[in-house]
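Take a look at these structures.
Consider the two complexes below, in which chain A is the common component and chain B and chain C are the respective partners.
So, the complex of A and B:
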């Protein structure tokens, strides 16, 4: 009854549809070894004002990076943090999107984990036994 | 055989770990004032904690997400932060109460005043958090906590008139008490049984021990058998107080009074056992609440956490626990009565319950996290009923607290 060849061919780009709010924001970021780095506090978007338009007139916005750190407080209380205080993980590092977001480089190589390293070097690492596994 | 032994051990630790200072104090106070007319709250609270602890453990095992990570993902940063603030403060209050409880229990054992035991208790808790493996910590305090069975033994040694006791379990408000006081203590008992730190600890513990789907049946056995038996321990505390304190019109306002019926029934030997159980129960709960303070903050902000990592690999997590212990020490240094801190902490717990349990229920129904392990229809049905009860208790908590003058 139906002639399959007459149906319009769907040539839209294939891929998973993600809801930025549901699948990116507030998700845990981990490194390849499963070490937690931070939570996605906000997204850095490119082309919100000057992005290329597609045929329907919609602006094409791309995600530039995952932002974390002090930006959380402005997201909760409003306002805007100075740009240099953003701890950004570039979108190109994202390797896997699931229940957690996996990035390709080790946790310590990101600026976002500087407080962890600071507390480790200044406080916890200096207390006897701090660098050994519990037994 | 090893598996059977593991399940047996898990059940024993679940029983021993069920009771904390909140349960000890609230049950004894309620028993001494209301007899068993509030005993109906216990099974309600026990079923509630079984449903939600089991659910949070299942979510953690299947999706690898602990409870506060889920709260952040589901409630967003604002409501999540409000929840974090409330949960953390209540947790801090509970931690303070547990440390005070250790000191009071040690006082019973040694006759040295609690002010001197408090710093010792804080250091001891910290050393265990810093150096002892999670599974050893869990098993040792859980097994020692089993000594609280002395309360159940005491009930039998007191030779109660069982039919009269059963008659007292009918939920009738005593005419000597104001209804608001009755319902205030109902909420307190409910809050003591369902304290939120238990699910933070349970779900994070599932990650600490590396649970997978195949461990779920074991955890179900632990919870389904261990928690009701732990609830029976709570009940026997209330029965002891009903038998000994209520007829004499003594109101429980110290930990020594909680232990008094046991001394009367079983003499020195049973008293020693029950004191050991009290030390283990409060020490274990102090560990759990201290860990929970680290778990909640680290999970909200996405920091590395857990005792399976070296302290240096989870530095902010360990720093939070150290600071929490120091704050607890500071609060107790003001000379506040730990028993009153406990009573406040269980009522405030009831206040924060809905914000903790709703996200667990939502995620347990989300196939992205759970795959084919999503909640069944019956689990959801029971969970919804309890969510309603939790909501009612939470809304009623503060008004009841004011009207009854904190149960005065």
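So, the complex of A and C:
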């Protein structure tokens, strides 16, 4: 087997370098106000399909969006949840990468925050005093 | 395609020898901003894949980041992942149940640039 300490380090990238597991997956996504939206469970990629890959370098494989969904059970037991259970936040909305990932639009504009809205409207909102900030 | 569709797939070199499995993917932000906002980031381009002969994959990425504390844990985990390699996406010839590399594909250390 190859000993990586004897291999060259690839210093060719001229921009920010991210490893998916180290810098993206399982990070909290927050909106500009710091409101939590979801967690990054997967990445949707453009430009790659099964089969022979372009050798000319003309096809760029890029991240189309951050995918969030019900992955707890599929991580334990395998398989994949139905496609409609996943929500995608476009990469073009991402404004900052760090300990959390900040997007430029408010949480309510994403389908991924529907549970938050549902609980707010159907449960919290029906509690007396639940529709305004505490005095 | 989703990233998790690529993860865990076996990778073979041009001769058919098994290098390991895909445990991570490396992206580079080196293009024009992809969004309209003032702080919009560049497109995240897939640069390469981290391949490991260990099925369980990397833990915390000590072999890539150059973090060396706590010393014992850092050195143990880096030693455990000493056979991990980076292959550039441009060197991937075929994506299927297994990934096949082109002949002459170069193997790189998985260390992040500037971490050594």
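What we mean here is this: the second predicted complex is superposed on the first by the 100 of 135 C-alpha atoms of A that agree within 3 Å, B and C clash if a C-alpha of one lies under 4 Å from a C-alpha of the other, contacts with A are read in each partner's own complex, and residues count from 1 in each chain.
To be clear about the criterion, a contact is a pair of C-beta atoms (placed from the backbone, for glycine too) under 8 Å apart; a residue touches a chain by one contact, two chains touch by 3 or more.
Nothing here was measured: the structure is a model prediction, and the numbers come from that model.
Novice: Taking the superposition as given, does A:27 touch the first partner, chain B, the second, chain C, both, or neither?
Specialist: first
Novice: Please work out whether A:116 is in contact with chain B alone, chain C alone, both, or neither, and reply first, second, both or neither.
Specialist: After superposition on chain A, A:116 lies in contact with chain B alone.
Novice: Hey, is it chain B or chain C that touches more of chain A?
Specialist: C
Novice: Using the touch definition from the top, say if A:58 reaches chain B (first), chain C (second), both or neither.
Specialist: neither
Novice: Considering only the touch criterion stated at the top, classify A:125 as touching first (chain B), second (chain C), both, or neither.
Specialist: After superposing on A, A:125 lies in contact with chain B but is clear of chain C.
Novice: Applying the document's definition of touch, where does A:67 land relative to chain B and chain C: first, second, both, or neither?
Specialist: A:67 contacts chain C only, not chain B.
Novice: Name the residues of chain A shared by its contacts with chain B and its contacts with chain C.
Specialist: 25
Novice: Where on chain A does chain C make contact in their complex?
Specialist: Checking each residue of chain A against chain C gives 1-5, 7-11, 13-22, 24-25, 42-45, 47-53, 55, 57, 60-63, 67, 90-97, 104.
Novice: Which bits of chain C are touching chain A when the two form their complex?
Specialist: Interface residues on chain C, with respect to chain A: 1-4, 6, 19, 23-31, 34-37, 39-48, 50, 53, 58, 61, 63-65, 81-86, 88-90, 92-96, 102, 106-116.
Novice: Could you list, by residue number, the parts of chain A that touch chain B in their complex?
Specialist: Going by the criterion above, the answer is residues 25-29, 35-39, 41, 68, 72, 75-76, 99-100, 107, 115-117, 119-120, 123-125, 127, 129-135.
Novice: Under the stated contact criterion, what part of chain B meets chain A in this complex?
Specialist: Residues in contact with chain A: 63-65, 69, 72-73, 76-78, 80-81, 130-134, 300-305, 307, 309-313, 315-316, 318-319, 368-369.
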